[in-house]
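Look for subunit A in each of the two complexes below; its partner is subunit B in the first and subunit C in the second.
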Partner chain A sequence: MTDLSFTEEQRDCLQELINVAMGLASDKLARFLNTFVHLQVPAIGLVSAAEIPEQFRGQYQGLNSSMISLGFFGDGGLRGETILLYQLDNAGKIAALLGYDDDATSEAEMLTDISSILTTTFLNGLADQLENSFSYAAPRIISSRDSDFISKLEQTAFHWQLALKVDIRYELTDYSFDCNMILLIPGEAVLKLKTILDHVLAEF
Partner chain B sequence: MALTALICDDSLLARNQMKKSLPGAFDAEIVTATNGLEALNVLRSQEIGVVFLDLTMPELDGVGVLEAIKAEKMDVFVIVVSADIQPEMQKRVMDLGALAFIHKPVNTDKLSAVMRQYGLI
Partner chain C sequence: MSIDWLSGPLLQQLNSGVILLNTQLQIVYINPYICRRADIQLESVQGKDIFSVFTDAPKAWLSRKLNSVLSLQSPAFSSWEQRQYLFKLPHLRPVSSANEYMAQNCNMLPLTEPVTGEHYVCLLIEDATDAYVYQNQLQQSNLQLQQVNRLDGLTGVLNRNYWQQQLEVEVQRAARYQHPLSLLFFDLDKFKRLNDDYGHQAGDLVLIEVAKLIGSLLRETDLFGRYGGEEFAIILPDTPLDGAIEVAKRICRRVAATPIAYKQQNLMTSVSVGVSQFSSADSADDLIQQADLALYQAKRNGRNQVVTYYPGLIDSLKKVKTN
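Moving on, here comes the complex of A and B:
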């Protein structure tokens, strides 16, 4: 079996690349919402994709939560899928700030917009630093108010080997917005990512 | 006597990137710190000419370091090197006395421009 684990140097490298990418996403969010975002060091964790549904069950089960999935495809076989998870109550506050009406049509639109700001900006920032460029599939809202959240997550995670969890807290001036971003990456892309990280590390 | 420069960042990669990106003309001894508290310990115990300071760090963040430098009237140039690039954050650190603000990831061109401007090289 291929070793998908990361060395401490690789983990530190990835953490720093993620910090920079998060900075870009926060800056965009701050400008979009015309507020200030208090940035914290995001906690990252690398786990087997199969563990993901169980890890998030406690945090989201039974709550009105939403998942938005976005597939990304880079050069050299670097690809995967990101899932942005958050509670809809939080999203409602952002929707109000953005001036969306409170109905189902605009909810889908709003979730797609937030995903675009948080996820696409983040991934573009990450790709730049990896000297790669990503293209994206259309975002999918794979769970909403009334569906069985964990089984949806299980179905999605099933296709992948490794999950990079990034726990993010966006603290805005007036309230905080917790969300979790999960990067699901297939085994061969993990090897590619490790090679790229080694390349970055060798430069410095 | 050559100047001593402090690189403060919680990431090993970022500290190494910073060291490698320093212009060759910059003649300084380099010391490092991995969070704001360590940085303050260094600043209080030895003569530091310039600090390259990250903002988002555990223990004590870069803003906390700038506040302490200001409160203790330490005579040191601070160049902030940060991933948090929001205009409000830039204003905040400049108001606290930082000399310049560099967006991560750092590189020699960005550093040289700032350091030349302030006569550090």
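Moving on, here comes the complex of A and C:
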């Protein structure tokens, strides 16, 4: 079996690239939302996808949560899926900021809009850092207002070999908005990612 | 080989809609797929505000989305599952499908002109009518299956299984909110003899007609089910005992007074009814047992009448049995 684990250098490099991508994303979001947006340096964890459901069970247990998936494809065989997890109470705050309280937009539509804005803004930044560009599939609600969403996450995560868990905290001027983003990357794309990271490292 | 020639014919013949807008959301280009379906000429709409051409489009929401694409330079999406269509366009499916307009998936992509660096937003529109129609049909079938699963095949009232589930729900609700709840159990009198004298077809017809008649006497919230052969039961939510007795008497009178036509004959039938009322200590099974005992007493008293359960009833039945 091919080794999917990252070397320490590769891991540091990825962390750094994600930090920069987050910085770019927060800058864009701040301009778009006309408010100060601070994205904390995200905590990154590379874990086996099978462990993911258990990790989130405690955090979201008994809460009204939503789970939205967005698939992406890049050049050089890089591809994956992002899953954004957040509490619905939090969604209300950012929906107000996006101006969703003034018309009859369905909750489902609001959730997919928020997710695609948060995810693609970050992924575009990450693609820039990797000298790549991503195209995206339409966002899909995996689960919403569903207490048993962990079992759905289990079904989703099952297909992937590696998961990059990125905890993001969006802090806006007046509110804080917590969510978790999970980057799920299949095994062969992990190998591509390692190659790309080696290239980036070689350029330094 | 240069493929510069490709984009022209491709946009002409593409089986998806392409709309290109500038940063003021004015139309730069619309491909024939959209022009033909919307019955517009590209030359006459170029430079116009998109919302002045497609006046039915959801302006507040869509302009917000398009502006997010332009300012974040990241794509946005719209799915038929959340919003059936953005633009009112006809589709080529049979008229029989319930939806009038093409169901659409839409990708909104940020584009930059390579020479001038100007920003544009491109809407790619795909026809999702088939998926929409199939999903509607699926939902309909599921609904029908669910109903069939809950109903008695002969009489069309609730079947025993579903009726009993509903009784559990109503008992819990009555206990929680301290609402009154009553139960009627009734049985067709001398049904076996009717079957023997006129045949099972006549028996089935009587069951159907009596169920129909009684159904017409009930409120929409009452839950009417077939408990067994010729035995039926009715849950009366939010109904105290006196109201339930009133309903039971009305049922008795109407059934006895309504002849059922069968092969040039008028069949007469009657029902005996037992009534019980929920009190906080009762379970659903207690309630059924009480109504059943009252029904038994109604039969014993000579049929075609209403008997209400009372705590001493079980003892009086025992006495009759031992005598």
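The definition used in the following text is that the second predicted complex is superposed on the first by the 198 of 204 C-alpha atoms of A that agree within 3 Å, B and C clash if a C-alpha of one lies under 4 Å from a C-alpha of the other, contacts with A are read in each partner's own complex, and residues count from 1 in each chain.
Here is the rule we use: contacts are C-beta pairs under 8 Å (C-beta built on N, C-alpha and C of every residue); 3 or more make two chains touch, one makes a residue touch a chain.
Remember, predicted model here, so these are calculated numbers, not experimental data.
Peer 1: Applying the document's definition of touch, where does A:Phe32 land relative to subunit B and subunit C: first, second, both, or neither?
Peer 2: In the superposition, A:Phe32 touches subunit C alone.
Peer 1: What is the contact status of A:Ile117 with respect to subunit B (first) and subunit C (second): first, second, both, or neither?
Peer 2: second
Peer 1: Name the contact category of A:Leu191: first (subunit B only), second (subunit C only), both, or neither.
Peer 2: Once the two structures are laid over each other on A, A:Leu191 reaches no partner at all.
Peer 1: Which holds for A:Ala108: it touches subunit B only (first), subunit C only (second), both, or neither?
Peer 2: Once the two structures are laid over each other on A, A:Ala108 reaches subunit C alone.
Peer 1: Where does A:Leu46 make contact in the superposed view: on subunit B (first), on subunit C (second), on both, or on neither?
Peer 2: A:Leu46 contacts neither subunit B nor subunit C.
Peer 1: May I ask you to decide whether A:Val200 touches subunit B, subunit C, both, or neither, giving the answer as first, second, both or neither?
Peer 2: first
Peer 1: Enumerate the residues of subunit A that count as touching subunit B in its complex and touching subunit C in the other.
Peer 2: The overlap between the subunit B and subunit C interfaces on subunit A comprises residues 31.
Peer 1: What does subunit C use to touch subunit A in their complex?
Peer 2: 58, 60-61, 64-65, 68, 71-79, 81-83, 105, 107
Peer 1: Can you list the subunit A residues touching subunit B in their complex?
Peer 2: Its residues touching subunit B are 9, 12-13, 15-17, 19-20, 22-24, 26-27, 30-31, 36-37, 39-41, 129, 200-201, 203-204.
Peer 1: Along subunit B, where are the residues that touch subunit A in the complex?
Peer 2: Per the touch definition, subunit B meets subunit A at residues 10-14, 16-17, 19-20, 55-58, 82-86, 88-89, 104-105.
Peer 1: Residue numbers of subunit A touching subunit C in their complex, please.
Peer 2: 28-29, 31-32, 98-99, 102-103, 105-106, 108-109, 112-113, 116-117, 120-121, 123-124, 136, 138-139
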